[in-house]
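Both of the next two complexes hold subunit A, though its partner changes from subunit B to subunit C.
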Partner chain A sequence: MRHKHCVSTKMKINITNYCSIHNNQIKLNGETLLVKEKQVPFNEFIKSTYDLNASPYMKFFKMDDLCKLAFLASEFLLKNKNLAEQYGSSTISLLFANTSSSLDTDINYYNTVKDFPSPSLFVYTLPNIMLGEISIRNKFKGENAFFVFEQFQADFLCNYATQLIAEKKAKAVIIGWVELLNDNQEAFLSLAEESENGTELIAENLERLYISNH
Partner chain B sequence: MDELIAKLKTQIIEQLNLEGVSPDDISPDDQLFGEGLGLDSIDALELIVLLEKNYGIKIENPAEGKKIFATIRSMAEYITSKGKA
Partner chain C sequence: MKTVFAAEGNIITSLGYTAEENFSAMEQGNSGIQKFSNPKFLSFPFHASLVDDRKLSEKFSTLSTNQNYTRLEQLFILSIADVIEKSGVDLSNEKTLLIISTTKGNINLLEEQNYGIFPEKRLLLFEMAKEVACYFGMKNSPLVVSNACISGVLAIITAQRLIRSGQYENVIVSGGDLVSEFTLSGFNSFKALSDEPCKPYDAARKGITLGEGCGTLLLTSNENLLHNNEKKIKVAGGSVSNDANHISGPSRTGEELALAVNNAINEAQCANAIDFISAHGTATTFNDEMEAKAFSVAGLQNVSLNSMKGFFGHTLGAAGIIESVIALETMKKNTMISSLGFENSGVSMPLNIIRQTEKKEINTSLKTASGFGGCNAALVFSV
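Take a look at the complex of A and B:
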């Protein structure tokens, strides 16, 4: 696949951190942090990983699986970082996408409708709720957007993130692909910001990182 | 009443996914909202569902909710007053 170049700017926007969760494996900047056997159920994997690695956050276990997946990936991505303090709350943006929207939770919610509709499931029947959960946790108040694509769209995400920074709407953008339906769960989050370190934010690089951590 | 309170504690922990909280952690007189268990508005809706699902009680007047769901004891008293314990 030949990629178009992202929106050009004079600034150097790099991917400074990236994290993936796929097949019960967590990688940060390409290095494997944790692996569990593939037969370990997703819920068990997420719970044990959270218990061992994330700082306590009571609301975590009330989230749906899609949010838990995105939230946990963001905890690894942003560990030891305080972007809100570094750049200012309103300058941190989130740009996420996936294929199945919130269908996994939609189905779970629909199954409760026949009996007693679950309010706590209903609130998660939108995929962009994961952006809210991450924003609340990290005090992010910048622009955020969620898209549904057939597959990972490096060109689009790269252009959008670059534009946000070029137009000074954001100083840092978390680009995320978080997909969950039935037995398929994958999260790939990357942090793009003006920096001398990291990998240049161009579509080829974003796609390469996504594929190599997939 | 004690038996109903114990049952309610278990049901609330399960219904609200209060991970890491055990029945012994909750006093019957702890405030459920605010500084006590720290429940939120969605939890309040889940408690309404819990009453209907497990005790067949519908909250007809939303204004009553604040009093009924103040503590686990007040919930138990309300259930008992409706003859559903």
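Take a look at the complex of A and C:
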């Protein structure tokens, strides 16, 4: 897609935090928090990452893999932050996208259909459930959107987030790319808000951060 | 900021292949919901609103002899083609975008009877959208929205924002979903399927009835694409919220849907009050109750309201667009359709549910939707 005209705003919107999970490695603002060898299975890596995070959360164990991935990245991204308190619940927005929607869980659910269709899997056959899980955890009640792209679209995500903040529909936007299918898992979450700190929210910067953490 | 207008619309459901056919069937009180026995879908008979296979093939063959389109892709192509033909929108314009709204896309390709007929990659939503965009030779890659049952309303809101900010001039928004073994078994596993045609807001409601179809709406900032003899309707406001409560159950208070409704109304800045609400009304116990609370919180309990699910079921990712197109017809024809299946109120807060199709001047309407993941969306159309 082409989005030549950036939404204009006089305010400075910056990416203040970003977190990535890829190839059995979790990084916060570019610094590695945990890395495991390639042969370590995804579930084991996810468990180690969960254990890194001090606060237990029982709902985590019910989640499908896509939600676990998104949830953990959000936990590290938002550690020591209380955005709902800082800005107000209804002003925190989630803008997420990926390539495969919830296809990984769709296939897992469909495998149960012939015997005993699983309601606990069926509920995860929608990609925006990730947004629901993160919203419940953090009491975020603002704008939500989930898009599906062939690949990471920094320009679209950047424009959409900027417009939300510029039009005062949001004070902070979590921009997320969380993809999971077969053996490929990746999460890249960034927090955009008006701030003196961080990197300016423009497509080039978002793209660069995504690629350097990939 | 550009003003965004709602131009041509199309609907394909069991009730017909155009917006007019659907609206006139609804005006006459006809429902497309029937009882089906199809063991490939469910081991017991079920109610649903299905698009007839033979009729669909016939209709599609008048457009193309190419057999390489899935059932859902055929619905998208037919629906979009109708809007393009009637509006004359320029597809080669780089200021024209296609947004596809769907929850499950070609998910029926996973099913045994369909396996291997189409490449596996067509399960990917953007691959499906690309096929549809390619058919029309569109310049821009399509944008895909998949946000549970608010997908259609969110797609229209997204289009409005992209046009308002000047990023595009025309956006064709098209939503589609099928009734499949996947969705039927899933909603059945939740015990959410009604064993009779759904009865939104009624005391005897038993759950949802699934429907399939496609709806398409052209949004534009170009007034030349509007018909001279009809009301000029603006897509005036839109907002989305999250309950932050439960992934498969709605808010207990309705405050979050009310938040989206109030934000959408504020953005619309319309001088007139809301004349009509096209609500979500899935006929599950909890959804309808939550909506009744939300409309009370928003102070809209006296506004005439319907759910269209009794006519063509819950069409998932298509619902927000199909029901918006009907809401626009309601405004153009000044005719509010009765909320089919409703007899006695089964919600704890008062709602002004339309019992009989009636004539009334409608200049401002509200469309709402809510879905799994705790999402809510609201949209205001206004003259």
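For the reader, a short list of remarks on this structure follows.
What we mean here is this: the second predicted complex is superposed on the first by the 207 of 214 C-alpha atoms of A that agree within 3 Å, B and C clash if a C-alpha of one lies under 4 Å from a C-alpha of the other, contacts with A are read in each partner's own complex, and residues count from 1 in each chain.
The rule we apply is simple: contacts are C-beta pairs under 8 Å (C-beta built on N, C-alpha and C of every residue); 3 or more make two chains touch, one makes a residue touch a chain.
Everything numeric here is computed off the predicted structure, so don't read it as measured data.
Of the two partner chains, subunit C is the only one that A:Ala145 touches; subunit B does not reach it. Of the two partner chains placed around the shared chain by superposition, subunit B and subunit C are both touched by A:Ser118. When the shared chain is aligned, subunit C comes close enough to touch A:Tyr110, but subunit B does not. More residues of subunit A lie in contact with C than with the other chain of the pair subunit B and subunit C. By the touch criterion defined above, A:Glu75 reaches neither subunit B nor subunit C. Once chain A of one complex is fitted onto chain A of the other, the partner contacts of A:Phe61 are limited to subunit B, with no touch recorded for subunit C.
In the superposition on chain A, A:Asp155 makes contact with neither subunit B nor subunit C.
When the shared chain is aligned, no partner comes close enough to touch A:Glu186: not subunit B, not subunit C. Legend: residue contacts after superposition of the two complexes on their common chain; A:Ile129 is shown touching subunit C, with no touch to subunit B.
For the contact definition in use here, the residues of subunit A common to its subunit B contact set and its subunit C contact set are 117-119, 123. Touching subunit A in their complex are the following residues of subunit B: 16-20, 38, 42-43, 45-46, 49, 52-53. Residue ranges of subunit A in contact with subunit B, taken from their complex: 47, 58, 60-62, 115-120, 123. For subunit C in complex with subunit A, the residues that touch the partner chain are 94, 97, 103-105, 107, 110, 123-126, 129-130, 140-141, 143-148, 154, 158, 161, 165-167, 181-182, 185-190, 239-248, 256, 259, 263, 371-375. Taken together, the subunit A residues at the contact with subunit C in this complex read 1-5, 7, 89-90, 94, 99-101, 103, 106-107, 109-110, 113, 117-119, 122-123, 125-129, 131-133, 135-136, 138-150, 156, 159-160, 163, 169.
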